[in-house]
Each structure stands twice: as structure tokens, then as C-alpha cells.
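One chain, chain A, links the two complexes that follow: it is found with chain B in the first and with chain C in the second.
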Partner chain A sequence: MSLPPEATAHRTAAADSGVIHNIGYRSYQGPRLGRSYATRSLFVQSLRAAYGLGRSGKSKVLPMLVLGVLGAPALVIVALAILQHSKQLPLDYPQYLSAFSLFVVIFLAAQAPVLMSRDLRHQTVPLYFSRPITRSDYVRAKFGAMVAAMMLLMTVPLVVLYVGSILGGLPFGHNTGHFLYGLVAAALYAVLYSALGLLIAASTPRRGFGVAAIMGVLVVSSIIAGIVFNLSVGSGGQVLDSAQWSAVLSPSTLVDGLVNQIFGLAENPNTTHAPGALGVVVFAAEIAVLVVGSYWLMLSRYRKI
Partner chain B sequence: MNRTVARLTVRGLLGRRRGVLLLVVPALLLVISVIARGADVDKHDLAVNILGTLSLGTLVPILGLVVGTGVIATEIDDGSIVYLLAKPLPRWKIITTKLAVAIVTTWVFAAIPTLLAGLIIYGTKDNLAVAFTLGTLVSGAAYSAVFLLLGVVTRHAVVAGLAYALVWESLVGNFVSGAKTLSVQQWGLSVAKAVAADGSLTAPVALGVAIPLLIVITVAATVFASVRLAGMTLASEE
Partner chain C sequence: MNVSTVIKTDGLTKRFPRVTALDQLTVEVQPGVVGLVGANGAGKSTLIKILLGLSPATSGTGQVLGLDIATEGPAIRERVGYMPEHDCLPPDVSATEFVVHMARMAGLPAAAARERTADTLRHVGLYEERYRPMGGYSTGMKQRVKLAQALVHDPQLVLLDEPTNGLDPVGRDDMLALIRRVYSDFGISVLVTTHLLGELERTCDHLVVIDGGRLLRSSSTASFTEMTQLLAVEVTDHPTDLAFDADAAVRARLTEAGLSVVPDGSRVLLVEIRDEDTYDTVRDTVADLGLGLVRLEQRRHRVAEIFTSDAPDDATRPDEARPEATGPEATRTDEAREAGGAHDVAAS
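Coming up: the complex of A and B.
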């Protein structure tokens, strides 16, 4: 099928006027670093952001303050133990974490929204997904960063206690063992708290609301666990093992109880501990369900964006 | 008071699903008191524990924080406050209206459930339920004013407020008894003690100290917030 001559002439004229000049655009020829590299970068950037590194001076204040406040009592404890030539630290490693857990919770409440809510608020999440990373990579990087940040926060005072007690000539074997128990407790706290905190932070673009909600959930649940514990003690005054089941109501007592029971750290019946073998199984299962459940909810939350 | 501002604030605070989220606080308090009612322990200690530690000590500060900062800090944060500031309305009126909304919300979501919880656990004995309700009313008002001020002053109002409510009032207050003199929670407890039957409650702060401090702090926070809002420029941040 040939076109009429006028039409062909018209077409060539149009083509002549619409020349595309070659101005030297070149496509990218270098190596493509790919998905895992992008995920790793997001992890590093989020971990730094959790401590305010690479952000304004103001945002460094709180994480560094919490780090300092959590580490300072460890120095005092070590100094006291050395000065008094005691054979044992006045506060055991896992107990240190549960005694100062309020600061860990404050860190979580203040920094989890930094990792999650800001991206939602400024609608930068879709920009991440225009890169090679997938939604699950995003959640994985953020979760990993939060766990690493929390772990770092709790490891610092433990290391101070450990190094101090070794330098002070306290028994090496006992301290190494209990230091490792402390690290296990720290890892459990880090994973459980991060899962819950990030889930709450991911559900709201408002930072303030996220902070209050995380704090509310963790603090109120531990107070309720305390009240229920007192309820089940009864008027007799002696603590039954059944009262220990109240620990399932709060994430902090859950980890505390599990660690104390597994490592045999509960010396008197008042200390939080998982009641018996069944208790260990139930406590561990609840932690696993909470972590996996929150992670799954986070994944499904980002699937919609 | 300005009715339009009040209406918009209530809608911003309780609209959509946010009001339902705030309902968690009273629901929690009522559920735990119903459970506690059946337990066989000293009811007096239990009532003091639930009403004092859980309600007055934790739920009221957290609710006051969410509500007090929620009425103004969220608007400052997302910049929509400029539409309100551009209206020919004295700025102190904006503050007082928002404060009134915050106080009433705190009362509805904290004081009424406290009264119900007290009646469920302990009945009308020793006036304990009414006492704690009154304590919740005054401390709820003071918390609202203080946290509203924080919301105007700093962009990190929630963190600062939490640091005050949990670290200062609970942690430092437990070790340093002087810190309790400067604690809204203890002032509320002091008011509660004055109403409750003799010997049923202990409060570390005397009533003669607590009431003037409550009034001074509430009024000063409101005035200072008004001054700060009056000096706020309309330029956008960053």
C-alpha cells in the first residue's frame, strides 16, 4: 500500500523539522550493586539514625543521654565492688538490665518512630521501593537496625561491668558465665522490644503519638503485671509459683522471667521467674509469637504502601 | 473560649479512630478493677495500688501527655496552625480554648473511669473513690496545662513530657524525696488525701504546699504558652 505523494512529502517535511540531536547521553555502564547492597545501606543508615549520627545535633542529645545514663550506674557499681573488695557484683548482669529497663524503653520509644514514622510522614517510603529493594527488605533492614541499636545500648553497660569486675579480680569463670547470660537477656530484650516498638511506630505517621503509644504499652503493661502479681500473691503473704504467671502480661517481665529461670538466677521466690518447665516453654513461645507476629504485621502493613 | 476553635480541636483530637484509641485507657482501668474485685486480698491496698499507681501515677500522665500535646503540638508540627494564627483572634484565646478542650477530655477519659474503678473495687468506704477522682481531676488539669506548654515550646514535647512524667516523678521521686515536692502526681495525691478518711492514704506533700503549687503551675503554664504562641512567627520551619 503506497501513500499518495502529497502525504509522503508532508511526512518527510515533518521528520526534517523534528530532528533529535545526539547530545551525548550515555547509559550507566558501571557495576550494579543490587538489592543486598541497598538493603545493607538502609541498615547502616537506620542504625546511624537511631543514635542521631548523620542527623542534626539536637537529635543526638537523647540517644547519647540514654546511653550515658544507662552506662553510668555500671561504672559506680564496679567502682563500689572494687573498693569494697567484694567477691561478687552487687547487681548481676541480667538484673542490671531489668533494673534499668526504663531507660531502654525510653530509647525504644524515642527512636523507633525516628526509624519508621519519618519515612511515612514525609512519604519517602515509595521512593525506597523505586530502588531495587523490596518491601520485605525494607522491613528487614529497619528491624535489624533497631535490634542492633538496642543491643549496642545494652551491651555497653554489660561490658563495663564485665571488664571492671575482671580488672577488680573478681572470679573469672563466674563473671564470664553471667556476662554471657546478660548478653542473652539483652538479645531477647532487643528483639522483642524492637518488634513491638517498630510495629507501633509503623502504624502512625505522627511521631509524638508513636512515642506515647510505645511508652504507654510497655509501661502500663508492666504495671498491670505487677498489680496482677500482687493479686495472686493472696493475703497469706507467701509467693506461690502460680503468681509468676502474671509475667506473661508484660514484655519486660516475660524476658526477665525466662532468663532467670533458664539460667537459675532466681534465688528467692519473689524474683520474677518462669514457673517450671511448662513456664519456660510458654514464656519462650509467647516471645516467639510476639516477635514473629509483629514482624508479619509490619510486612503486611508495608505491602499496602 | 471560642466555639469554632473548640469544635475543630475536639475533631482533631477525637476524630477518625483516635477517640477509640483513647478509650483503651478507661477500658483497661475498668477491666482490671473488675478482675481485682474478685481477688482475695486486702482491698484497701489494692484500691490504693490500682487507683494510685496505675490511674493517677501512669494513665493520667500518659493521657495528659497525648491529649495536652495532641491539641496543639500536632498542628504546629504539620504546619496547619498557621491557618488558625492568621485569623483575627487573640492568641491567648486559642490557648485557653485548647486547654479547656484538653482538660475536659482528660477528665472524661481519666477521672470518670477512676471514679467507677474506685466504686467497683472498694465501694464508697473511706471516701477513697471520690478522693482519687478529685486527685485525678486536679492533676489532670495541671498535666494538660504543662504538656500543652511543652507542645508550644519544643518540637520534642512528647519525649520531654515522658522524661518528666516517668523519670522525674517515678524514678527520681522514689530515690530523692525532695523531687516529690515538684511532682504533679504527688500534688494530686495530696488533694486525694485531704478528701479521703483519716489514715487511709499517705501523701508526702502537704496540702498547703500542693494547692498553691497546682494553681501557680497551671496558670503560669497557660500564660507562658500564650506568650510563646503570641510570639510565634508564621514562617515555615526548615
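Coming up: the complex of A and C.
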């Protein structure tokens, strides 16, 4: 980049006199790392933002609190199992996630709007698009960051359970296997929840609306699934496989049911599980449709900005 | 970099379902500070979006820094800075944090991004306050941060959309001086849009005027104003002789003195200012005739008058009123019209 001669002259004069009063404008000759680097940078920044890093102290409170609340019971459970010399954890890895799923939903509801609505609200989105990244790069980075943030959130308690059990002398093989089941469940929750949460957050510049809508969709849907399940059980108290189809009504029961069926974790008919091979196919297909559909809708949402 | 033409468009047209935002726009912009002037809705922001490669043109072609807008959008956006018209700063983040992030988004490695951010914020005049959250900034400070994020990756061209919006007169002057420096000291070409025409006369080397998506005029700022130094003169009637045509007499005497005089309206004469003596000549002439001087004011053709020369609401205006030629030789549609008065569309 060529500078006008006067600018260069200033610079030389300053250097000659040995005193720098005002170093003039310096051009940048270094590398420009382009689109994929910029996308990665946006991913890292968004992941940090999901935990309030690089933002005000206040915004760190909720994500850190949820992380703590989700991790602490794992410590207690592991401690109990060791003290009671149990052969097994009282709560299995995937079950831990479904038992505390409310906190995962709270994290999603609070932080998905941080990633999406803030950029819309403060009209930062056009600034991103005036730089090398494309609209799909933007969605990809945000989605990746949300999935990673959720994954981190759910991996912490699972690791606590696993490391605790191994150190406490619980069976290695069984724990390793079930820890991996837990990770698969966490990945499914992370991907499905992130897709739904970000889509809702991207549809409104108002953070409050985003929070309420995400909570609403996920909590209400699981309540409805619960009601339908109980209605299907009937008065006899006998749980029919057909009642398990109620799980398709809610994202959380969907993942829970699929994981329990695939890994054979449903010990009694009351445990949520996908009914048979058909159930596995339907549940998996529904998750895939929800994820791909939400992602596609997000892409088309940002195509218009 | 040795690009002689910064922006070049050829027959650029953008149609939305209901409106035609740009209509056969052919323009060429050389390095320097270029003003893009137009009323609200004239197509300025649409043009910027197309130049950034963010929105495809319906027809026509264009190049920015020699790169094709249709196919090389990412490469253009790496070399171009953009300052939007609207507010775009998250309030809970500091200026430093924000500009570093934007530098990285432009492809700068982390260390370079931090260094360039410190430099750039200093150049735009932001010091200790850069560590505070931007929510507490004044409009002037926010505009500086917006400019800084457009400059931080050392682009070859910056597109500034209404950078003086919302600033008080002092802030506006500061911003205009800063824009001038972006080219003169930093060597970065500038395309600045505004609907306030007056302020660009001082800042820009070249003006491009668009209206209703069409090019009205593209020429150097000097050619807009050079022949427009005029003196408006209004005199009283003769105190005793009512039949005496005061205007005609003044006009005759001044023409005799070698000045060009044109009547403007019923009572005003427009006298070309040749040098400082013109004022004395006018004063002496009027005094000699025994008349009173009602008005003696300097008047310039404002760039605003370009707007009054074409009815903006007319979609069927004749083709010759729409010059397609570019550069300093562009057809001047308003040449024949003398000063239409201090009729500044933009300032109102």
C-alpha cells in the first residue's frame, strides 16, 4: 500500500531526530488470514461470550452458577457411592443428564440469546458481513460455539462422576462404557438444543423474548410429553410400549428415549425409551429433521440481513 | 498497491420488487476523498451493499480495487473498511475489546490485531476511555469507534455511511477533519455518503451525486464551486426620480466596469466576484448613482442546487438530463442555471 509522500517524509524526519513525538500512521504489511481464520475467531469469541468471558462481570454469574449447580451433585453422588461401597453409581451417566436437564435448558435459554439476539439488537451483524466471512460462516461459527458451550457444560459433571468412580475403585469397564454413553447423550442434547435454541434466539432481537420462548418451548413440550405419557399408561398402571411414543413430543425425552433404547439402559418399562427398532429409527429421524431444519431456517434468516 | 481506479461501475442496476434502487449507474472513482451525495432513499446504502459484494446487482457490473463485485466479494471485504450509518456497538464491551475482535474478523492475527487496535484508536482520538464499556460513550466517541473498526485492518478503501449523523457542529467538524486525514495521512481512499451536501464541499476531492438511483453528476469538488463565487446585490429605487430604472443603471455601470452581471429574480443582481476590488466597485457604483444598498452578500452555488435542477419525482425525465459520463468532464446539467438562491435542500 503506497502512502502519500508527505506521510513517509514525516516518518523519516521523526526517525532521524531520534525523538518520536507522534508516530504517524503505520500501514499493516503482515498476513491476512482470511475467511476460515475469521470464522474460527468468531467461534472462539462466541464460545467465550457464552460463559461471559470478555464481557462484564455480571454476565459471568449465570453461566458459572449453572456450571456449578450441574457439577456439584456429581461430586455428592460419587462420594455417596464410594462411602457406601456400591458396585455402581446410584445415578447412571445418561440419567444424570436427564435428571438435571432443567439446568441445561436454563443455560441454553439464557445464553443462546447472548450469541444471537445481541448481534441483532445492537446491529453488529452487518459489520460481520462487511468482512470476509459469509452468512453461512456466521451461522456455522455461532452454532459450533453453542454446541461446544453446551457440551462443555454437560461434560464437566460426567467427568466428575467418571474420575470419581475410577479413583473410588468402582468397576472400570462398566464405568468407561456408561461414561461414553453419557457423552453420546450429551452430544445429542447439545446439537438438538443448540439448533432449536439458536433458531428461536435468532428470530428476535429482544433477549427477554428469546429467553422466555426457549424456556417455553422446551419446558412446555416436556410437560406435554409427560402428560400424554401418563394418560397412555392408563389406570392399570401397566406401561405399554405405545405410551413411549409420547417422547416424540419433546426434545429432551426424544434424546433420553433414543439413548436408553440404543444402549439398553431401560431397566424397567417405566424408563423412557424408544419403542423397538421402529422407535429408534423414528426418534433418530426426528432429531435429524429438527437439527437440519433449524439450521436451514437460520441460514435463510441471515440471508435476508 | 497501484490501482488507479478505486471504484468502477457500469450500468449497475438494482431492482427490488417494488422499487428500483439503482438505475443504470455508471461511475468511476479515483483515489482520494469522494463524496456520495443523495437524499434519503437515493440509493446510497444499496450502492454500498453492492460494492461490498453483499447484495447481487440485478444487472450491470462493477469493480472495487480492481476486484469484481459479483465474484470476489470476500477478497473485496478483506481490503475494504465499512462504517455503517446505524449504531452497531454492543454496550457491554469496551472499545478495545470490540475493535480487536473486528480486526480478527478481518483476518489479522491476534497480536497484530491488538497492536493495530491501540494505534487506530489513538489515531481517531480515543484514549483512556477505550477500556470502558461503550454503553457510556457519547455519540462522538461512538462514531470514532465505528470509524476505528473500519480502519483497523488497514484497508485500501473505506466506505463511510453518514459518518456525521447525530453529531453537533463541533463534533461534525472534528469528524470531517478526521476523514480528511484518513486519506492525506493514512493514504486510505474514502467514499463518504451524506445527505448534508454543504459539509462535503470542504472535505471531498470529488463528488458523485445520485438521485432516485440515477447518476446526476460526478465531478471534482472544485468544478462544482469554482465558477460560483457570486455577489448578490440589491439596491433601492432612486430617491426622487421614480422613473429611473435603478437595476438597469447599476447593471450597465458594472458591465462597463468589466464585470459580468445577471439579474436573478425581480430585484437581485448577481455579480461575478473577480477579486477583492469587485466589492469596492459595486459599492462605488451604487453610491455614484445616489442609490441605497439593500443587500450585498456573497453567494455560492451550493451543491444542493443540483437537486433543484432535476425534479426528483419524475420517472420519465428526458435522457439528456441524466449524464452517464463520468469524471471531471461530466455533463453539467445545472450549468445554465445561475444561483437559485440559498436554497439548500440538504440543510433543511
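Worth pointing out:
One rule holds for everything that comes next: the second predicted complex is superposed on the first by the 276 of 305 C-alpha atoms of A that agree within 3 Å, B and C clash if a C-alpha of one lies under 4 Å from a C-alpha of the other, contacts with A are read in each partner's own complex, and residues count from 1 in each chain.
Please note the rule applied: a contact is a pair of C-beta atoms (placed from the backbone, for glycine too) under 8 Å apart; a residue touches a chain by one contact, two chains touch by 3 or more.
In this text, all values refer to a predicted model and were calculated from it rather than measured experimentally.
With both structures placed on the common chain, the touch criterion links A:62 to chain B but leaves chain C unconnected. Contact with chain B, but none with chain C, is seen for A:110 once the two complexes are overlaid on the shared chain. Which of chain B and chain C touches more residues of chain A is settled by the count: it is C. With both structures placed on the common chain, the touch criterion links A:231 to chain B but leaves chain C unconnected. Once chain A of one complex is fitted onto chain A of the other, the partner contacts of A:45 are limited to chain C, with no touch recorded for chain B.
No residue of chain A touches both chain B in one complex and chain C in the other.
Those residues of chain B that touch chain A in the complex are listed here as 21, 28, 32, 35-36, 39-42, 45-46, 49-50, 53-54, 57-59, 62, 65-66, 69-70, 73-74, 77, 156-159, 162-163, 166-167, 170-171. If you check the complex, the residues on chain A that touch chain B are 58, 62, 102, 106, 109-110, 206-209, 211-213, 215-216, 219-220, 223-224, 226-228, 230-235. Against chain C, the residues of chain A that register as touching in their complex are 1-4, 6-7, 24-28, 30-35, 37-38, 41-42, 45, 54-56, 59, 118-119, 122-124, 126-134. By the touch criterion given at the top, residues 1-2, 52, 54, 74-75, 77-78, 80-82, 84, 86-93, 97, 101-102, 104-109, 112, 116, 119, 123, 133, 149, 153-154, 156, 184-187 of chain C touch chain A in their complex.
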